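When the chains are written out, they are named A, B, C and D in that same order, and each has its own residue count from 1.
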Amino acid sequence: MTYDERPLAISAPEPRTLDLIFTDEARKLLHAKYQIIEADPENIAGLGDGVLAMARYIIGQPPLSAGTVARMPELRCVLNVESNLINNMPYEILFQRGIHVVTTGQVFAEPVAEIGLGFALSLARDIIDQDLAFRRGRELWGGEGNASSRLIAGSEIGIIGFGDLGKALRRVLCGFRATIRVFDPWLPRSILEEHGVEAASLREVLTESDFVFVVAAVTSENKQFLNAEAFASMRPGSAFILLSRADVVDFDALMAAVASGHIVAASDVYPEEPLPLDHPVRSLKGFIRSAHRAGALDSAFKKMGDMVLEDMDLMDRGLPPMRCKRAERETVSRMRSKGVKIN
Amino acid sequence: MTYDERPLAISAPEPRTLDLIFTDEARKLLHAKYQIIEADPENIAGLGDGVLAMARYIIGQPPLSAGTVARMPELRCVLNVESNLINNMPYEILFQRGIHVVTTGQVFAEPVAEIGLGFALSLARDIIDQDLAFRRGRELWGGEGNASSRLIAGSEIGIIGFGDLGKALRRVLCGFRATIRVFDPWLPRSILEEHGVEAASLREVLTESDFVFVVAAVTSENKQFLNAEAFASMRPGSAFILLSRADVVDFDALMAAVASGHIVAASDVYPEEPLPLDHPVRSLKGFIRSAHRAGALDSAFKKMGDMVLEDMDLMDRGLPPMRCKRAERETVSRMRSKGVKIN
Amino acid sequence: MTYDERPLAISAPEPRTLDLIFTDEARKLLHAKYQIIEADPENIAGLGDGVLAMARYIIGQPPLSAGTVARMPELRCVLNVESNLINNMPYEILFQRGIHVVTTGQVFAEPVAEIGLGFALSLARDIIDQDLAFRRGRELWGGEGNASSRLIAGSEIGIIGFGDLGKALRRVLCGFRATIRVFDPWLPRSILEEHGVEAASLREVLTESDFVFVVAAVTSENKQFLNAEAFASMRPGSAFILLSRADVVDFDALMAAVASGHIVAASDVYPEEPLPLDHPVRSLKGFIRSAHRAGALDSAFKKMGDMVLEDMDLMDRGLPPMRCKRAERETVSRMRSKGVKIN
Amino acid sequence: MTYDERPLAISAPEPRTLDLIFTDEARKLLHAKYQIIEADPENIAGLGDGVLAMARYIIGQPPLSAGTVARMPELRCVLNVESNLINNMPYEILFQRGIHVVTTGQVFAEPVAEIGLGFALSLARDIIDQDLAFRRGRELWGGEGNASSRLIAGSEIGIIGFGDLGKALRRVLCGFRATIRVFDPWLPRSILEEHGVEAASLREVLTESDFVFVVAAVTSENKQFLNAEAFASMRPGSAFILLSRADVVDFDALMAAVASGHIVAASDVYPEEPLPLDHPVRSLKGFIRSAHRAGALDSAFKKMGDMVLEDMDLMDRGLPPMRCKRAERETVSRMRSKGVKIN
C-alpha cells in the first residue's frame, strides 16, 4: 500500500452495499475523508497485514476471528449496518480493548412507528375493508359504516419494548392524548416516566390496552412470550400490532385469537419469510398483512450512512460514538434476531 | 302547562335524536335540569304561547319564522346539533336580540383528523394494496415492497381550512416534525403562527406539499375551487386527502389527476351520497374511498350532548356559550353545506 | 371632506397613542389602507356628519352616546386598545347592530406569563434574597443556601382564571411536568381539559397547590374573593403570585399571610397605584414587588397595532374579527377593571 | 464474615452520606436487598479479602489501586455519587474488565435548569433591582420600569454544552417558542436536531443569542475558552448565564464585560469557592450572584439514591446500567472538574 494520510476503513457492509446506505453526497464525503478498502466479508483475514494494521473502522459485520482482531491494533469500531448482531466476532475481546461495536437499526424507528400507527388507524377505523366494500358497491354510509370504529385519542395504549422503536412510537402518538403504558424489563421505571409513559407489567399492558404495539427485540429469553394466554388476556376488540420479530409471538395463537374475533391484529413479520403461499394468515379476517417492509425505506437506509459518518467523525477526534447504538457486553450475547436476507 | 321551575328547552334535534347525542347519564342530567318539550320541528309555531313564552333553548335546527321568534322572549340560544347551518331561521333577528346560534360540529374534529391521518399513512406506505397483494400471494418483501413509500416525518404538509378540523389535524401531526402550511383566508396570519403552522397562499399549499388535507367548509365563494389546474400544480406523487365536503372540489378533475398517476388521493365525501354503483371512483387505482364515515362515530355524537349541557349551564348563569361554535352574523349566510341525511 | 376611497377610521386611542401601539412599518400600512381621522376622544360627536357617516372603525375607547352611534351607519368595530372596558358607550345598541367591540389585552399575556414564571422561580429558589446576601458577604454555599428551595418540576400548580393570561401561563409551564389545576367559573370543564389542565374548584386550587397564579379579571362579583380564609387554606410554604388586578384580593389579608410566614408571594398590582411610600408591603419579607410592569413592554404595545390591522383587514373583507378579543353582551357589564393611567 | 445471600456493596459515598442521598424508604430497600459494608474511603484496600472478593458494587468514589481492583473479581460497578470524576482509580483496567463507572450528576439537571431560567427571567425583566427599588420607594411604574425589559418568547437562545443540563434547559424552554442553538463539539449535529435545537458553532451561539446558557463540563481542553473576545462578540444587552463550572470562563473578562454595560450576567460558580469577602463581583451591577446552590437541592440528592438502586437492580439481573451516566474510556481522562467540598 502507498501512504495515505486518510484513516483507513474496511468496507464489508453485506448484505447491504455502500450504494444502498450512502447518498451520493455522503459517499463522496466518505471517500474524501477515509481510505476505503472494499473487502470480501468472508475473508477479512486475507486482507494482509498492511491493511489490517492500519484499519481504524470496519463498516459491516464480517466474521472476525480473535486472531484477525489481534492483527488490528488501530481498530476503534465495527459499524454494523445490518442492524442485527450476529455472533460472529469475539465481542469480549473487542470490548476489553475498548473497540466499539455499533448498530444503525435506529434508522428504522421512524418508518416502523409510522406504519405501526397506520396499522392502528386502519384497524380502528376499518379503512381497508371499507375501501374494499366501496370498490364492490357494498359500502355502508355514515355511522352505519362505523359499527366497530373507535378513536386512538383518549385510548389506552400498550407498548412492549422501549428501545428506539418504542420511543419513536411514543413520538407519533403524542398528539392523541392517550395513556401509554410500557413494558420493558431492561429499563428502569424512572426512565420510562421521563419519557412520559407509565412503566407497567406485561400483564397490565395486555389487559388494559385498546392497542398493543410490539417492538421488543428477540432475546434468548423471550421467545414466544406472547402466547395464547397473553392474547386471551387482552381486551375484547383490542388491536395487536406486531412490528419487531415474529419469534416473540406464538404466531398460531395470534391467528387463533384473531380468527375467533377476540382481537384484531396487524403484522409486518412472520415465522417464515417469505411465507408459503398457502399460509392461513393470507386469508385471515381482522388481520392486516405487511411483508417485512415496515422499516425498509430507501430514506432509512441512506440515514445509516449519515450515522456512520457522524460517529466516525467523533471517533476520529478521540470521542466515543454517540449516534449509532452500541452493543453492550451484557446483552450482546442475548440478542437472537436472524440476519436479514432481503433489504 | 303546570308550573315547573326548571328552564324550558324545546327539543327538535332531527335528523338526530336525543338518544343519539346524549349518553344515558347526560340524558338524565338534561331532564333533571331542564323541562324538555319534544317538538315536531316542522311545527314549532304550533307549540302554543305557553311553551314559546318560556322557552330558553332550542336543541336542534327547526325552521323558525320571524313571527315565531317574536313569541319567544326568553330564548337565549339555538343549539344546532346538525352541525351544518341551514338558512331556515331569521338569523339577523336572532343576532340583534343577542340570541346565540351554536353548532356542535367540533365533535367530529378528532375522528376526522384521525381517519385523515390514517388515509395519509395508508397512501404513504401503500398499506391497503400491499395487504391485498399479500392476501393473493403476490406480496413484495422488504424494500422491494416500498417503491413508492415515504415518511410523513420531515415532510411538507398543507392544510386547507383551519377551523376545528384543521386544528385537530395539526394536533395528530405534532409528533411528525413536519412543516405544516395552512391556507385559510378567514384567519389572520398571526393566529396560524400561534398554532405553530405557517400561513400560506393556496398556491403555496398546493405546490409545496407532500400531503394536502382539505378540511375547508363550503361557502358561497369556494365551490370547486380545487380544480384541474389546482391538481396539476401539486407535486408529482403527492397525496390529496378530502375530508370536508365534495363541493369544494371538481371531483372529475380530482379523479383524472389520480388516474393519470400524478397524485394519489383519499376521500370521505362525494358529489352524490350515496354514490351510484357504476361511479368510476369505485375502481380508481391510487384512491382510498370512505363512505362519509370520517366523523360519524357514536362517541362523537355523544359528545354533542355533553357540549350542549355545558353551554346551557353557562347560559343559565348569564354567561355566553363557550363550548359550541357560534354562528357569526358575517358568515352565517355564506355557509353552504347540505344537511346530512344519514348520521 | 374630499373624496377618499380608503375606509375611514377614527383614531382616539388615549391614553395610548398611535406611536405607542404601531411600529413605523405598521403605522405606514395603517395610513396607506385607511383614512385616519385623529379625534379628541371627549368630542367624537363634534367630528361632523361627514366623518361620522363614513367611519368604519374607531381605534380607541372614547365616550360615545347613543345619538353619536346613530350617526355612524357604517361603523363596524370599536377597537379598544386600552384593554379594559369602560362603561362609556351604549354596548347594547352596538351589539344589536352587530358592531363589534374588541380589546387587545391579549398582547400582555406573554409578558405577564413570563414575569409570573420569573416570580415563581425567584420565590422557589430565593433568588433575590440570596443575591442580596451575596452582595453583603453573607451568602450560604451549596445546599446550605437551599433550605427552602424547591422545584416547579413535578409540583402542583393552581391557576385562577383561564383567559389569555392563564393560557399563556400554561404554555410557559409546559416543560415542567407539573400538575396544573384551573379554577375558572366562566369556562366549561371540557375546554380546560382540552388545554391539558384539570378543572378544579377554587378550594381545590388553593389547598392543593405549591404555586397559585392569579390571572382572573375583576368582575362585579369577585371583588376580594381571595381573602384571609383563602390564604389560610393554602399549603404552608406555598407561593401566591398576583398578576391581574389587586381588587380580586384582600391585600391586607395577603400581607398578613406572608408576614406570618404561612406563604410567600409576589404581586404586580396594588390597591392604590402608585402606592404610598409608607405602605407596609415595601418592607415585607417573603414578598416580591413589581410596579404594575408585568405586561407593559414596548413589544406588547406594538403588537396591539398589528392585531388592529389584522382584524380591520378581516372586517374590510366582510369577515368577523378573529385576532382581538370580542366584548360579550353577557359579560361586558360585569367587567370592572379601572382604566390605566400610565402605560 | 458470615454468609449472606444478599449481594455485597461497599459504601463510601464521601463527601456525601447515605442519609443525604437516600430517602428513608430507599435506604430500607437498599439494606433489604444488599449487604452494605460501610468503608473508610481512604482504606478500601484494608477491607479484607472476604469483603473485596464478594463486593459487587462500590457506592462512592474512593481511591482504588490496581491491586485492590484485582482483589475484587465480582465487582460490576462503581456508582460515583459525587458526580465529578476524580482520577483516583485505574479506569482503563475497570473498563477492560467491563466494570462500569457511573455518575449521578443527572439529578442536578432539573434544578440547575430551573434556576437558570429563573436567572434569565430575572435579567430579562430586572426583577431583582426593581424589587429593591420598590422597597426603597424608588420604583418606576408601568412601562417606565421596563426600559430594558424583553421577552424570552421569540428570542434567540444559545446553549453551550448539551449533556443532561443542556437537555433539561431545552425542556424548561419549550413553552417559549425560542430559537435554540447549541454548541457541543462532542455531539453530532443530527442528535441535536432530534432534540429540536440547531447545531451551531461557538461563534454563532455567542453572536446570535439574546441569552447564552453555559452548561458545559470542564475538560482538559476548554479551560477559560469563554474569554474577553468571546464576551465582546456577544450582542449588546444580551445575557450570559453560567451554570456549570467557573473554569470554562475567564471570570475577570466576564466581570469586565458586565461592568462595561455590554452584557448582563448571572453565575452560580466562581473561581474560588467560597469567595473572598472583597471580591468585586459582590458589588457588580447587572450581575446576579448565586453561591453554588443551583443543583444542591435535597430532592436532587435523594434522587441519586433512587438512581443507584435502579441501576443496581438492572446489573443484578445481568443487564447494563441505564439510569446513571457511564464514564467513557475516551473522555474520562479529559474531565477536569474539581470535587465538591460542600454539598
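Rule of thumb we're sticking to: contacts are C-beta pairs under 8 Å (C-beta built on N, C-alpha and C of every residue); 3 or more make two chains touch, one makes a residue touch a chain.
Since the model is a prediction, treat every value here as computed from it, not as a measurement.
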Interface sides of chain A and chain B: same vs different residues, half threshold: same
Between chain D and chain A, distance of the C-alpha-averaged centres to the nearest whole Å: 34
Gap in Å, rounded to a whole number, between the CA centres of chain B and chain A: 38
Chain centre separation in whole Å, for chain D relative to chain B (CA means): 51
Chain contact graph, described as a line, ring, star, complete graph or other shape: ring
In contact (per the touch rule at the top): chain pairs: A-B, A-D, B-C, C-D
Residues of chain B touching chain A in the complex: 110-111, 114-115, 117-119, 121-122, 124-125, 127-128, 130-132, 134-137, 139-146, 149-153, 171-176, 273-274, 277, 282-283, 288-293, 296-299, 301, 340, 342-343
Contact set on chain D toward chain A in their complex: 95-98, 185-191, 306-307, 310-311, 313-314, 317-320, 322-323, 328-331
